[in-house]
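The two complexes that follow have chain A in common; it is paired with chain B in the first and with chain C in the second.
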Partner chain A sequence: MQILQFTFMRMLSAIPVLIGVTIIVFLAVQLVPGDIALSILGRMASQEQLQALREQMGLDRSLVVQYGIWFTALLQGDIGTSLSQQLPVAGILGPKIVNSLILMAGSLVIVLVFGFLLAVLSGAKFRSMTDRVVVVITLVLASLPAFWLGIIMLYFFGFKWKLFPISGMYNVASPGGFWDLIHHLILPAAVTAAGSVAVVARVTRSRMIDVMAQPYILAGKARGLKRSQLVLRHAVRNTLPTFASIGGLQIGYLFGGVIFTEIIFNWPGIGLQVYDAILQRDIPMIQGCVLVVAVVFVIGNLLSDIAVYALDPKKG
Partner chain B sequence: MSLLVKGLRRGIASTALLGLMAGFSPALAESTIVMGVEADFSRMDPAAARTWNTFKVIRHVYETFVEEDLTKGGDAVPEIVPALAESWDISEDRKTYTFHLRKGVKFHDGSDWNADAAKFNLDRMTNPDFEYFVPASPGLMGWVWGDLESYAVVDPYTFTITLTQPNAEFLRRLTAGGSGSPRMVSPTAVATFGNDGIEQNPIGTGPFKFVERVPGERVTIAKNPDYWNPERIPKTDRIILRAMPEVSTRELAIMSGEVDIIGTPSPDSIAMLEAQGLQLITGPSPMIYVMWFNTKDGIFKDVRVRKAACMAINREEMALYQRMGYAQPTWGVLNPGGPGYDPEFRDCDYDPEGAKALLAEAGYPDGLDTRMDWTFGGGADVNTKGDAEWLQRDWAKVGIRAKIEMFDNNAFWDMMSAGMRDGTGITSASWGESTFSWLDQVLPTTVMPPNCCNSGYYDNPEMDRLLSEARAAGSEEEMVVKLQEARDIVAEDMAFSSYFATNSVYVAVPGIKDFRLAPQHWFDLTSIVKE
Partner chain C sequence: MSDVSLETGRRKQPAEKRRSNLYFVWRGVLGDPVARIAVGIILIFFLAAVFAPWIAPWPPNEADPSMRLRPPGTPGHWLGVDNQGRDILSRLIYGARYTLLCGITPVVLGAVISVPLGMFGAWYPVAGAVIMRSMDVLFAFPMALLAILLAALMGPGIGNMMIALVVTLIPYNTRVVYAAACLERDQAYVEAARAMATPGYKIILSEMMPNVIASSVVYSCTIVGAVVITAAGLSFLGLGVQPPTAEWGIMTSEGRNFIFNAPHIAAVPGLAITILVMAFNLLGDSLRDSLDPRTRLMLIKRRK
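Right, the complex of A and B next:
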């Protein structure tokens, strides 16, 4: 019951955040230099034609009015119409969000599994050989820019050794279902995950080291508990809230990170879409993409807060 | 727990199996070619579609009265051939075109092509009171409908278009695209799906039918077996055009065999791609890299400085080493593949010593400082920053010390509309068409800022007169004379120059045959096959 209440309160507090997000998204796009009318009509349009279009689109009205119109439509689920394609943004973004979520979920699995394993391996025995190796590995992972790592991985795994396909989600000429998807997913998910694996491993490791120094671990040792029992049942349990909280934060970062990975691997998600939209200066599309990323970030935080609360052995 | 795992496993296995079946059966039955193109597509409605890349798709779905014959490839300017009009007459005063329409042609939805359909489309593009008018159309298509006076249905298979003044290029402009294209959509489809519905239901008369579009991913077109011209019935059943904006992704995708053909690899990668056993397909392109000089700038307002800048560039070396030979040096404002181009023409000769002397004469014996505003480009542009650095080095040798500022393509053209900035002496971008419509957009005084794109404020009313006379010319020869006259005056004033024209470059897997390139920004896909 308590957790439901907590969830409800937490969701209420997300509302002002989301409204703030819409304002920032709206204003940020206004700050981008350039003329929407010009990007629709192209450089051959005359001044009169441009002015007529501006009036038709309401671009000559005040920012507050424009925001009001945009926000009202947003509440009705209308994110706008893509300028470059004249299709509803929501309809285009729907499948892209799913694709990005698939990539993000794949990365999250990698982040959680490897982040956790590395943390437990290293944190259980501070300054051991394993610990040192993990510290170095995570340092390297955290320092690699995704764009560079992606191209290197593409070259070796995709091109040189031909272990994985290079671009897209499916074989376009003859799509092959679930395993085809997994096959296409592994490389981009690994690249997206690299930085976050390091962060999760590092933070969870510190917590693990703290926990291992706690009196109750010492007490357990004194009572003759086996080391594996101590680590797995007592220490790990107490690092879970930290792990869940840092892991949950990664949801947002991964969703931001997929933008780069999607461009390199031509993954048809929201990142590739926002890149195309920026190239074509498709303002409603850019707004839609940024809004979606922001909402996913907020939801990710919400979920991780709830998970932290649920996993905390000390609550109530 | 184990039940759940079993269930999941079964689920996964069955999806995989279904996927395999779904995947293999059509692949065996029909031929498919996957093409990696340089950018995502714009709108599918021809009256509102932008970009050359988009026109690569829609010129196969929709047609108009006449067509450029791109099926033969080669260097020659493509011939104008009949398409939805079997023949045409041009009136004595060269203002009225009477098109005799082809009978028995059907749109992909089964409705008939006739003079009413032609009128419907002209209304849609040019008549603001028409129910299905496309508001973006007049702004996009001034280059073809700018001189339009009227149009009329004479009988079900005769249609006339009357211009306010003769236009020697009118038929060729009808075949073009990239900023709207004057092609015919099915009136029935527009009435059924609405104006915006055409985006998902592009229905024309062309050799390919539209199958599907996944925005940001791909467009699929399929053979129209009932196409009216048996010679142009596609040899391949299905062509998938994948948008791959990142050049290294395109290159890796062709190396791994995920796509069958890609457009515009980086010139530096071509040798490596060929070493993989891939075939290189190149052809001439009307694309030229134009330079604007800022005639309002404190330093560059002096014609001697502009001439020195022209003389400082070693164009042959640049085409050979910076573009690895996949470009040809050019001079002046007329482009290869466009009317009036003369490969022997020079607006200046490479002469660094002469350039230094000219600069000294202009009062800059110790050189000068300026700025280059450059664009990363779009579509078929690659490595323009490298080009800028190459030029910067050539200019530094004669004492023109330039800082480079790079812009994304949209911001660049906004800036061009606003006019070149103070302190910027030189700017450049790719342009050029098989018609001279683009010069109307660059040279006359009427397109000075805030219009685009006489961005260096070249204030010479002679340009307005000569271009208007070139349009109204009675013959192609007369048109060429006027264009070359304009070219020579521009060279004398050194208001614009150019440094090279790039080739169209494609890389294909060995099995690809009969992909032919004519000097055009787009191509014909009816002959391509994969063995």
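Right, the complex of A and C next:
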């Protein structure tokens, strides 16, 4: 019952944030230098088209009216029309979001599994040899730019050793299928995950060190419990809320990495779409991509907050 | 280190004056060999940036087409030559200017805006609620994405990229300042100042500010590395510094097209970013540990 109540309250609190997100994405267009209608339609547009768009967006009216028009369209699923493809942005983004979420899910699995393993290995014995090695590994991982790591991995694993395909989601020549997808997924997912693995491992490790210094661990030692039992049955459980909340925070960070890995590995997701839109100055498309990602991010944070609550052994 | 000195140290403490944060930075960071190496690396990059015209063997944009794609170790071009025949070492040295500038300036400007915002918010609860709820909205965007949105709509260029980074950084730093200022607000010295009818702005500026600013500085130092990566990433996307300017993100981006015949073009500048970011991260960690009341005494005692 309690968790339902928490979920409900947390969902309510996400609503003003979502509205705020739409306001920022809407206002960002005001940053475009010069005539907004001209920027959206491009130089090829005729005077009549420009005038029609100005009337449709209410550009000659106040910002509040403009926002109202834009927000109403948004609620009906209309995020605008792509400049470069002359198609509704929402329709183009649909399949791309799915592709990006597949890549994100792959990297999130890597982040959670490796982040947790590294944290438990190192945090269980503060300042041991394993601990020191893990600290160095996480330092290096945290300092690698995703766009560079992607290029380097592509060169070695894709080109030189030919272990993984270098581009796309499926092999065009073969029938494809699940394993083909996984084969294409591993390299970009690993690159996207690298920085977050480091963050999750470091934060969970320091929580683990704190937990291992708690009196109940000492009491367990005094009762003659084995080290493995102490770590796995007692300490790990109390690091889970920290682990889940830092893991959840990575969702946004992963999105930042996904943009670069999609470009480098030619993964047909929302990051590649943003990049194309930037190159073509396709403003409605950029707006749509950012809006969609922000909404997914807010929902992701919501889910992780609920997971944190559910995992906390100390809740009421 | 002996137990005796620890004992006397502890006994003396009540009589001792509250040590300034600077003392802990001095003893903690400079007493830490790892942090000293980090400072050394940053200093080398910094000097390379300042004295680029004197130490770079070639001008950054001078191309010799006959030398195109030569690998590292070529006489006269230690780190190789890029796709247009430009010396990579020289471009790396000149590029350090933009990388350091784009990594540090947004952090400083972000802090300059965040410190008053966070303190003001902590002092006036109504303003604080408004400010912090607005920050929550900015937090709803993944950091890199907000910077991309702003930079892309304002148009490419180094100035617009820096503005985008500053806006992106404000919510993070403001949250840190706000939390610190809320703690200070309830301290006895603030209450005393209030009892003496000191005006609010004076309490904020001369009483709370020195204690709050440390946390903002530490936080700023820990994120310089991330900002260097984000700025290089924006340039990689074509949103920041524009070609043919020598900048490490652009160099990596240009090298990507030649990855199969001349991998060094992308590898070298990316490696430079990694080393610089690692140095900033190490320094930031050390600085945070030396100012964290939970760990700083331990660090100094250990190093005595």
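We adopt the following convention: the second predicted complex is superposed on the first by the 284 of 316 C-alpha atoms of A that agree within 3 Å, B and C clash if a C-alpha of one lies under 4 Å from a C-alpha of the other, contacts with A are read in each partner's own complex, and residues count from 1 in each chain.
In this section, a residue touches a chain if its C-beta (ideal position, glycine included) is under 8 Å from a C-beta of that chain, and two chains touch if they have at least 3 such contacts.
What you see is a predicted model; the values in this text were computed from it and never measured.
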Next item on the list: Based on the superposed arrangement, let me know which partner A:F297 touches: chain B (first), chain C (second), both, or neither?
Entry: second
Next item on the list: Considering only the touch criterion stated at the top, classify A:L272 as touching first (chain B), second (chain C), both, or neither.
Entry: first
Item checked: Touched partner set for A:V25, first chain B, second chain C, both or neither -> second
Next item on the list: Have a look at where A:S143 lands relative to chain B and chain C in the superposition and call it first, second, both or neither.
Entry: second
Margin query: Which partner chains sit in contact with A:F159 here, chain B, chain C, both or neither? Use first/second/both/neither.
Written below: both
Next item on the list: Could you list which residues of chain A make contact with chain B in one structure and with chain C in the other?
Entry: 33, 151, 154-155, 159, 263-264, 275, 278-279
Checklist line | In the complex, chain B residues that touch chain A | finding: 12, 15-20, 22-24, 26-27, 32, 34, 39-45, 48, 50, 135-136, 138-140, 142-143, 179, 196, 199-200, 214-218, 240, 242-246, 248-249, 252-253, 255-256, 258-259, 378, 408-411, 413-414, 416-417, 441, 450-453
Checklist line | Residues of chain A that touch chain B when the two form their complex | finding: 33-35, 38-47, 49-50, 52-53, 56, 81-82, 84-87, 92, 95-96, 151, 154-155, 158-159, 162, 165-168, 171-180, 263-266, 268, 272-273, 275-276, 278-281
Check: Inside the complex, what are the residues of chain C that reach chain A?
Finding: 133-134, 136-138, 140-146, 148-150, 152-155, 225, 229-230, 232-233, 236-239, 249, 252-253, 255-256, 259-260, 263, 266-267, 269-271, 273-275, 277-278, 281-282
Margin query: So in the complex, the part of chain A that touches chain C is made up of which residues?
Written below: 16-18, 20-21, 23-25, 28-29, 31-33, 139-140, 142-149, 151-152, 154-155, 159, 251-253, 255-257, 259-260, 263-264, 274-275, 277-279, 283, 286-287, 290, 293-294, 297-298, 301
